[in-house]
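Scroll down for the structure; my scribbles are underneath it.
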Amino acid sequence: MYIEDAIVSENKAIAEGIYRLDLSAPRIAATAQPGQFVNILVHDDLIPLLRRPMSVAGVNGDNLALIYKIFGAGTTIMESWASGQRVNLLGPLGHGWEYDSERLPILVGGGVGLAPINFLHEYLLGISKEHWLVIGARSKKEHFLAHDPANGILLTTDDGSAGFHGTALDGLQSVLRENKNAPHQIFACGPPAMLEAIGTYTVKAALPCQLAVEEMMGCGFGICQGCSIEAKVDADNDQPSYGKRFKLVCMDGPVFHADQLVLNHD
Amino acid sequence: MYIEDAIVSENKAIAEGIYRLDLSAPRIAATAQPGQFVNILVHDDLIPLLRRPMSVAGVNGDNLALIYKIFGAGTTIMESWASGQRVNLLGPLGHGWEYDSERLPILVGGGVGLAPINFLHEYLLGISKEHWLVIGARSKKEHFLAHDPANGILLTTDDGSAGFHGTALDGLQSVLRENKNAPHQIFACGPPAMLEAIGTYTVKAALPCQLAVEEMMGCGFGICQGCSIEAKVDADNDQPSYGKRFKLVCMDGPVFHADQLVLNHD
Amino acid sequence: MIDVTVKLSDQLILKNPVLTASGTFGYGDEGRDLVDVNQLGGIVTKSITLHPREGHPPPRIAETAAGMLNAIGLANVGVEHFCREKLPYLAGLETAVFVSIAGSTMDEYVEVLSTIEQANLGFAGYEINISCPNVKKGGMEFGVDANMTRELTQRLREATDRFMMIKLSPNVTDIGLIARAAEQGGADAVSAINTVVGMDIDPVTGNFKVSTGLCGLSGPAIRPVALAAVYRVAQAVSIPVIGVGGISAAEDVVRFVRAGAHAVQIGTLNYRDPGIGVKISARLPELLRKIGAGSLGELRGLVN
Amino acid sequence: MIDVTVKLSDQLILKNPVLTASGTFGYGDEGRDLVDVNQLGGIVTKSITLHPREGHPPPRIAETAAGMLNAIGLANVGVEHFCREKLPYLAGLETAVFVSIAGSTMDEYVEVLSTIEQANLGFAGYEINISCPNVKKGGMEFGVDANMTRELTQRLREATDRFMMIKLSPNVTDIGLIARAAEQGGADAVSAINTVVGMDIDPVTGNFKVSTGLCGLSGPAIRPVALAAVYRVAQAVSIPVIGVGGISAAEDVVRFVRAGAHAVQIGTLNYRDPGIGVKISARLPELLRKIGAGSLGELRGLVN
């Protein structure tokens, strides 16, 4: 974990409202693992007050890639960054995906949830490990990769405007049907509704599945206790979250095994 | 008084830390008088919260000129404006210099106090009225006009690095000595210490003198009662300041006759 | 048609929930070149006292992070001048006008109100500013004591049949208790909050940034404090609550209504944008449509 | 040489006036890769309770204009685990460590403190968080009642000889009164302020932004409130006052010292920049030189 002044090398739109930011941050880049995140100080002014957490979407030498969506004040400021801009980062934070080399990885990403999935995808490409990548979106213009089932890349759209017509869960199920016999392992990140759907399905079907989740964060490294998430926590209370009912997204996550989380909130 | 979305036409440094900003603001430009000011919304964000008051430094057709010095958050944002930037202005506000065409105008400006003095200077040039312009600064690099006593422009520097070696008051006194016999009228704007020196001197010498003063402002047009200044106020209490002891810089000023103000605070 | 009107009593229906807060829109006439105040739900005047008041020495205001400090010191023209020069204009407006009243003894409050009643002009009612030091009780504010609040409200209630709201101070341990005292005293509504006690000091010169030292904090910085106060007050009383504090957008109006408010007042933000109240009220129908509410009233107290 | 040390008592001298605030720097070890805490004047731990606490359901925090809201719910490992796993590390630090203590009955407070005393380790002292609901008094906070504050302080005083400061809540009518009660009860110092009661609501969904509804506001937004509180408290007591609330720069330290504080604590800003306390304390000598002061102590209470 470092505090590092990174330098923007590139910042460009890659789909509607979605940007890719490359920063030179040698120390963080050297240690970041797929699934980890950085906490970004977007402004010297006191609004926004808190840092903004963003998953690492890839590492290339000294460079760190982020993929972000314009949401509010913080991401609007990020959009304005030109190359050369100095950006204070805290990271790498949290713990990432637990990858089991014996199993077929099926990666499922939706929206900007693609960021930590993309990093894992690139890692698997790097070690030449065959895997599936399922990416869900509402429509074509939110996609920035090409539908390429022959190479294990399946795009889905809610409106059928590109790739597979259906949700990311539909896409995952179709991949599962095609790979019935391989022992597999699912990695998913995306909007809450998608994670709930995939988590609920995989837990019911007893499929090994990890989810990368989001929660409002104060610090990103365990000192505020703000990023709690309801979880099925075991008796050991020496974890940073101190409790038996909550986990901390920043320390115990952001990657959790689906069966450890309380997924239905009503 | 209008709320007008002005468009920056030019924004450039004219001396060390001092900028000139030209904005197209047809409605305000059409009615602004020398000595009046505008109140600038520097940011859509809530920091800084309040507008920033700036004197009108000149009018050229639809264009309004401002001269500002980098101070804190607000003026730092102003510095970043490029041409085309939209800026919300409220103005023209306050009441300006009272000019008596029978007298020789002697204008004294220091630092950014030059702005309202410059506007009056340009007005007098426009009507071809002979006058003196005395401009004080600590050193040469704060000046952006040329020392030109033959044409009535006298620069002074505290350190003697340009023009007349001495304070703005010294410069004023030298001009007064040279024009002993003309009925004159003094207009001054500048840092508090300069205004206090000039005000005290002119009141003691019973010379007609108007001062443009500054005070922290909330609104700029009389609704907050925040910009009070201690003054010798007469019995009429229908003035916007309501009281017999204070005046409002935004409504009763920013230009006051020196003998109406309480100049020494100790 | 989305309904943004607010029924404060059988007699008093506001065309929309957005009022200006006392002391932040003068007497309603200063900004008439800029804003059509008749498009507002209402306006609350600067607080009026028995005698004209000079106010505090400068500096009276300072800026803080997303907020401002002030100690104006109730600078105002006094009730007599107000009735003669300001009230006729206000009475002619087509929006609900509330005259804010302040005093340093109960008798003074009653005398101010009675003087205005005698003017016999048409306007909606009063807001009673109880964040004033009570000279008889050694400078303790009326607004921090439930008994004083109840008694003051009762005495004013006897002096007028007009709509009367009591403006609560946030600087108390239990704001619900004070609100209940106002209700028991016969108030038609309560507004909350007045400014939060604050202070700033120039680190280098050591000068108080506002001459009085202790002064009042307002603006977006205190919006969460105001929202909490309104929520607590709305739980404590059954009369309408008017929310005040840091409002800068139509979304904020909905926040306060969900916390239990009938209407809101905009203060500090008027200085930034004198047209903000009109803009916000104009944006409300669109926002309610987005939320899926047919009226503002539907959302009142709706929070989960 | 500019002197930035702070003498809190004959036994306790801080190397500089900058401490971390309770609950905003964990147990001091989470950030050890990032910051050398030994360069701080001191650290105050998360509040420790008798039993481990889960804390409140999510969401626990939200952002507001220049501030943040939180209702963590005193999530902590409990005193036993604390003494075993955290205190030894803390006791080994070369900075003043204050253990923050919380409880829901007076007995609980005393038991927590006594358990820590029994661990018999070296550390500076305690901070008593009295902004906790007293279960025996129907959930009323200890910190809003002068008698409870005095009694609690007395009982804890009997249980320890270490330095003990009482942390005051700003959510009271008269904070000076509570401070005096702490002083009378035997406190060595008071710290002010804890968070200001606040709330936020999502206008569209109607959800409380923090699950508990009412929660605590911190950050630069409340700095003026904290400064006013410290000023009032410093007038009311003669023991040292530690200022807390919205501090984000060396200039703010000077503001609080001028208002009467001996030292300060940094809370929310640690989340933004875990190194801020060290940076601020390093910048202090330069700032004092600019002001023309030879020591921080010279400026204490110096305001005009």
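Here the chain labels run A, B, C and D in written order, and each chain numbers its own residues starting at 1.
Following the convention adopted for this analysis, a contact is a pair of C-beta atoms (placed from the backbone, for glycine too) under 8 Å apart; a residue touches a chain by one contact, two chains touch by 3 or more.
Not measured: the values here are computed from a predicted model.
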item	value
Target chain B, source chain A, minimum contact steps	1
Contacts common to chain A and chain C (chain labels)	B, D
Reference chain D; chain at largest CA-centroid distance	B
Chain centre separation in whole Å, for chain C relative to chain B (CA means)	36
Separation of mean Cα positions, chain D and chain B [Å, integer]	47
Euclidean distance of C-alpha centroids - chain C vs chain D, Å	34
Per-residue overlap in chain D, given as positions that touch at least 2 other chains	65-67, 220
Where chain B touches two or more other chains, by residue	46-47
Touching residues on chain B, where the partner in the complex is chain A	45-47, 73
For the chain D and chain A complex, residues of the former touching the latter	23-26, 30-31, 33-34, 46, 52-63, 65-68, 70, 72, 75-77, 81, 85, 219-220, 248, 268, 270-275
In the complex with chain C, residue positions of chain B that touch it	1-3, 41, 46-51, 88, 90, 215-230, 237-238, 240-246
Contacting residues of chain C [partner chain D, same complex]	64-67, 69, 144, 171-173, 196-201, 203-204, 206-208, 213-214, 217, 220-225, 227-228, 231-232, 246, 251-252, 254-255, 258-259, 287, 290-291, 299, 302-304
